[in-house]
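The two complexes that follow have subunit A in common; it is paired with subunit B in the first and with subunit C in the second.
Right after this comes the complex of A and B.
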């Protein structure tokens, strides 16, 4: 793979493409995922799921199931309602949820009955034997119809299907449209896809000592929210411990995924035995905590005749499915970079969150900001076409310039740094755009349809918690913390141990990042640093991964803990070497007096003193070498009371330019990638190799969302894609080679200038692909307005000359 | 039912119901959890093992059909493609990796490595949601000697 990432000379480890410290265990099948855990006496769970989109639950007969050999117990929603509180919920209190449906099912696949047995096979036999009387109700599947008059209501207590509505207005939007020379409008639809990791969500819960409950689970961010799950289970939070287990991918789907651990915990408390609940593929695909965004847009963009964008008016209905567990934070993400890399001053954003008979919506790589990127780029492309400007020309004309940072966008968020023209230029050069334009012309004469899609989007990183609540004028819990912690230990023999506090490995490279940073700070070999993960009973404040925050936050925490640890080491060394602390330095794992290299102590020697020779320690220094640091979000400000300014909530602003070259077969509507360049700016790069993995993986998922993946419900709310034969994850055949490049504009606000890059290419690829297809078929007037893009839609537009 | 398997060179007697898949027998009965379950219906390749030298999806076959068969799982694999995966960063979360490695070793033995396109096609039964595909292809290409 061609990569043109430059290594940074001024750091010893940061910026080096080292192989990951996590890797060796995967080569021998020792990843240690949730399905690999087996506790003595453990029971297994299978779940009966609703075959209806909307139905009242009548009687449930569990008698026969209890007779099935191996079945230990059977539970229904009624049991949950009697013995626990509703599940954790960040949406309106009138929309409640239990891990098993109570009284009503609201989507196809919703959990109704849990059977617990000595084996998964027996549990499934038990499910077969349960009889449930469902009284079908009219479903509502279309979100626009759902919030219109006369639609069947999902939650009677809520009264209607409009879970949330708000209009934000920034600047003088109507004036700007009045003064615009050109207004482009469109209706756009981003279809529902999801993270769909190969490793599903799972939990193993066991009743432990003193009435406490221990839950092994692969949910992320447990530490931040754990007390909410304890509250649902009616346990004091100090009697509920989560032990984090590595996740085989998340991509958002395990972001505080609480339904699985809550159910496993409930079953363990009820049976008094360890209980495993590991979603099978059907459980996950129909009932995950996190289907992705499903948005219907009416958008208008106002411009001056020279191409200057002056106003954007977004009216979006988001189909949240049957519950609003995570509130509308995915639109906070959209607002963090609502104007993209452009100097656009006037913005209106109207959101309506609709409830429909579908699985709930949550997080998927980009958390909603990738959708805003697609919408904005679609509109810029439409305007460019109308004005007769090239895609790169209109973008260059509107870019925020490198000398304008930090730059405050109309919503109030700050962009910390960037060099958008440089990123675009780099991409154009790497692709050799002129060469492809010539080739495109030549091919067109032969009747072939090559398209080039050039897009430039933002890649925000490191959320502040204000984005969860600035939606409300009187938020119930206006949280302002989103910290991350690290504990750094040098053990008695001088070896390094890093403990993290909010998750286990999930596919990023948290161990590599932490080990490289410790190596940078102390000059030791990163492969000798051991990394472990604290359980929630022993953890310091942590928020967990999400919103591309982990590398930035861990870097801050490691740096803070290192400073403290170094200070202690220097104190001990100064005492032993009879030198001043100020004269000491640490070089390759040795503390020495500057300029007198043989006056030194190795870390092992100092550690020995610290742990075993208290009488040799300087006055006031305690035994041991362990320091922790809790690093708070380095740049968060409060929103204004009138919400005309949402404050700073996502300031470390990455950027990317993708250029896709695609050939479309106008006979079949199918496509082929001919070339693909992706240039990203994620600030200072810690490890180009792992970042390349994220850009690639994200772009591949972007290809999935753009062209293959869709969680389809028919008009009766029946779920139409419950297997990988229907839900099409890109394989090696569909993912092209990407040419990757990087531009680094370090953040002035983070340690080492790092910005997050974990969501990678998914923030960009759908827009690039849409633009390339439009361009390939410009002779036919094709315009992509909905995702995923199906060959049948391309053919329809070619044949009828009309857009959807 | 009792069935005799040779797993990674060692003789294993297991007692399973006839409906138990080879995958569940390996993971749940024998305790070799390296082989993964991603879909349980032959659609992702996470459960790929070798049976008498051929790669198959262990979720799509029953344990009792393998009396006397020679089965190799990731725990028994010792192949240069493992090192190549390391060098080429051919994974992120690692969940698909056991299946990818078993498949890659077989793909190499089968000689389906004439071009990148051929590697991609013959590895397309193994889904990687982290999409390490370009790196997986590079690793297989290198071992095939076309680096």
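Right after this comes the complex of A and C.
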């Protein structure tokens, strides 16, 4: 499957498709999810949600609710305001939020009142009995109107609905457009969709010893953020412990989902009892602060007549909803790969962040970079059509070439390595593009509409935290760390323990990765390695899974800890074997003298010495076999003061080519996938099976964002899709089988040359699908300019095309 | 998403169940397969005081064919329509169209009677009852009523069932002679409620022209609808695909479902006509002996 670009080192485990070590416990129902946590005396929470998009909260009558059998207590936003600090926030300080709305509600579904009861049933009965006197205000739903004159203001303290505005300019944009032979323009809209994990966000909090609070929690990438929750609850951070709980999926949505543990913690502190707040589907879809990008673009692209792309001018309004928990970090992702795989030198990027009466944005697989990919590919396709070039021809012409890496793009970010022509070629061969083009011609004569979409996009990985603040000239907290840690232990009998220091498994494969890497380092069986997660009271610095960083960062940390542990093992073994440490090697779990296999000690023997026979240890060596490593981001630089160069912040640059073959029924606007090839380059592949899972799942979500999933608010700000009957996630019936391929261009900067691939197909599929539909219906002049693409829109464009 | 309190009854005989309905009337909902009612309860969109669970009621679960009629007990699970040989032989349209009712998991629990009584205008079974000229059998302590499907659906998710009545069976006339059938559905995803769906039965005369046609649609109005004008327009014509399609334009007038987040009304109009003409063309082909 893999095409070697360079000679690959001889790995024993890396590159093997082994079954995931996490799977057995999940497959037999012993996952230990948040819903499985039952503490003695635990109470349950239900939340009253705003029926209005925008309203002032008048009086709240909780009397009747408190009479409902089983209801223990009722809390309002006013209680939060009096007893806690505002929630964690990376947005402007003038846009504050609490877990329950204070004074005003700003979107349909915003939490207003929390009812705590002996059961969730009783809590919901209590919610029904609460009387809230809402005074409706005019809502603002359209982001362009929101930042225009006269719009209702969401946050009076902020003054208007423009949360952020800046123009970044890289290169000589105006000159480039003046000198361009061809300029293509378009208006594009990427609609709002979201990661929609089966397991919602949840937390169980309990007052514990010494005045501390313990929170079992399946969201929030601790411990990067955890102290912020402690601060909101007015607790010293050493009195606030989060115990990570695995989640049935995140796709980014749990990355910063802090309000759930904050609310559970608040309620436990107030009642003095363990309190669970676990979102149900309605809670989650309306109010989990995890809606994805919702962007309106005006874009121009300048080219030479030979197809050379010279300039890109992006003017984007992003509808962030009612709050701005992350600031505008999702556009840092766009800027990290703003020019795609192309040698494009001049870029203008104007960003306006609009506040509207909708649920706020959170993280969703791609974190905004997938939107830039779609926009760029849409423009490249439009230019190709105008110039009469084939989709692969214009791309080949503009690719950054393999010998140009490391390559600095206009924004300042570095692309570490890549071989874009090889990825494209592999995809073309796997699909047999010529065969499909012939078939397309043949079908067209029968009146059938087959389209082929060829796109090539970037897949940045491993964010650095500078992208959180380079937006501002005077950032409040210009952090530069985004580390990951691992503690590696060989126990007294020689068995391996790995402890990680971030949120527990979210459906990804961190334990498989860690176990494979330990196996690689020590020659042991990966299925015998046990993996656990530290709670926040015992954890080393960690940032958690996000931005396709985990495999790279865990690999770095495992390798670092392994080196330290191996050094100690060699010290002990050298002493026992009367050999030099330099002459030792470790093979299949045995430390031996090179060339003298009989002179050896098993790990169990060395562990026994390390734990039980201190007098046999060499001088200066402590008992025990445990080493930790905190692996910092391996390649981060600061932005320039004038922000003409944003520094290196997302350098491990994967790449992908997807080719979708789609047939459209021109009478109904419905579609059918006929073929689909996805070739990715994520550097050295650790486990092809789990990477294939990322590509497949990501592409399925890409199909969702492209054709089905949409979080719709009507003109009154009413939320129109609070169930899965209306929020349409593609099922196995809608997702084709993907033909997957890999090209491996190792990163020169990471351990083993790994790049992240966790966001997989979602970075690519929407562009491939859009291109395929355009191609299928080129006779009608159909062009996809907004997502999701609905059959009714396809039919409308066909009708328009037929009439003209 | 937890239901409000309700009283739950679990009768084993129809008499008991009817007694409960007589006693509680509109305050009592019948729980059949629960594929629609339970989500409504959990979202507190429905809050009946009483649930009468008919899953253990004797005598509602059978199906039989006799005297040109296929009779389905109201508690027959929807998957049976797909799997049962008797159904496939008697009314192949029913067997084929049943696959579009939700997903297999839903059909394992969902019942024929439950779907008809729920009367979602975009659901398949009410549309099929119409096109097949089915009769619905309702029982109460007052006796038995047989209601033609054409009279059964009287508004958006509403039927003529009285508060004390329970739907006990559906009687479907087994199409006699050389009847071709067709079913066509457009939905956002497979298993979703129809944006537009059409079912058709066609017989051809000796000269190959349409002798009779029955066409019904789902998803286009407050109730499932029979396309009588279209049926009349087809009778006597030579059913070439072009003729069938151009006559189908008349269907557009039946479409009253307004714009929603999944489709515009304009779209539904066009697609209703397309599904109807495709269903009829498929029926014509089958009537000619093709598959």
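Heads up, the rule we're going with is that the second predicted complex is superposed on the first by the 791 of 804 C-alpha atoms of A that agree within 3 Å, B and C clash if a C-alpha of one lies under 4 Å from a C-alpha of the other, contacts with A are read in each partner's own complex, and residues count from 1 in each chain.
Keep this in mind: a contact is a pair of C-beta atoms (placed from the backbone, for glycine too) under 8 Å apart; a residue touches a chain by one contact, two chains touch by 3 or more.
Since the structure is predicted, the reported quantities are computational estimates derived from the model, not experimental observations.
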item	value
Which of subunit B and subunit C A:121 touches, first, second, both or neither	both
Partner contacting more residues of subunit A (subunit B vs subunit C)	B
Which superposed partner A:669 touches (first subunit B, second subunit C, both, neither)	second
Partner chain(s) touched by A:19 [first = subunit B, second = subunit C, both, neither]	first
Subunit B versus subunit C as contact partner of A:209, first or second or both or neither	neither
First (subunit B), second (subunit C), both or neither touched by A:697	first
Partner chain(s) touched by A:476 [first = subunit B, second = subunit C, both, neither]	neither
Touching partner for A:615 - first (subunit B), second (subunit C), both, neither	neither
Subunit B versus subunit C as contact partner of A:196, first or second or both or neither	first
Touched partner set for A:247, first subunit B, second subunit C, both or neither	first
Overlapping contact positions on subunit A, where the subunit C interface meets the subunit B interface	120-121, 280-281, 723, 725, 730-731, 733
Complex contact set, residues of subunit A against subunit B	1, 19-20, 22-31, 33, 35-36, 38, 119-121, 195-199, 246-249, 251, 280-281, 505-509, 689-690, 692-694, 696-697, 699-701, 723-725, 729-733, 735, 737-738
Touching residues on subunit B, where the partner in the complex is subunit A	17, 19-20, 24, 27-28, 31-41, 43-44, 46, 73-75, 77, 82, 85-87, 89, 91-98, 101, 119-121, 123-138
Subunit A to subunit C touching residues, read off their complex	120-121, 124-125, 128, 280-282, 667-670, 708, 710, 712, 720-721, 723, 725-726, 728, 730-731, 733-734, 790-792, 795-796
For the subunit C and subunit A complex, residues of the former touching the latter	1-5, 39, 43-44, 103, 186, 188-193, 195, 261-264, 266-267, 270-271, 274-275
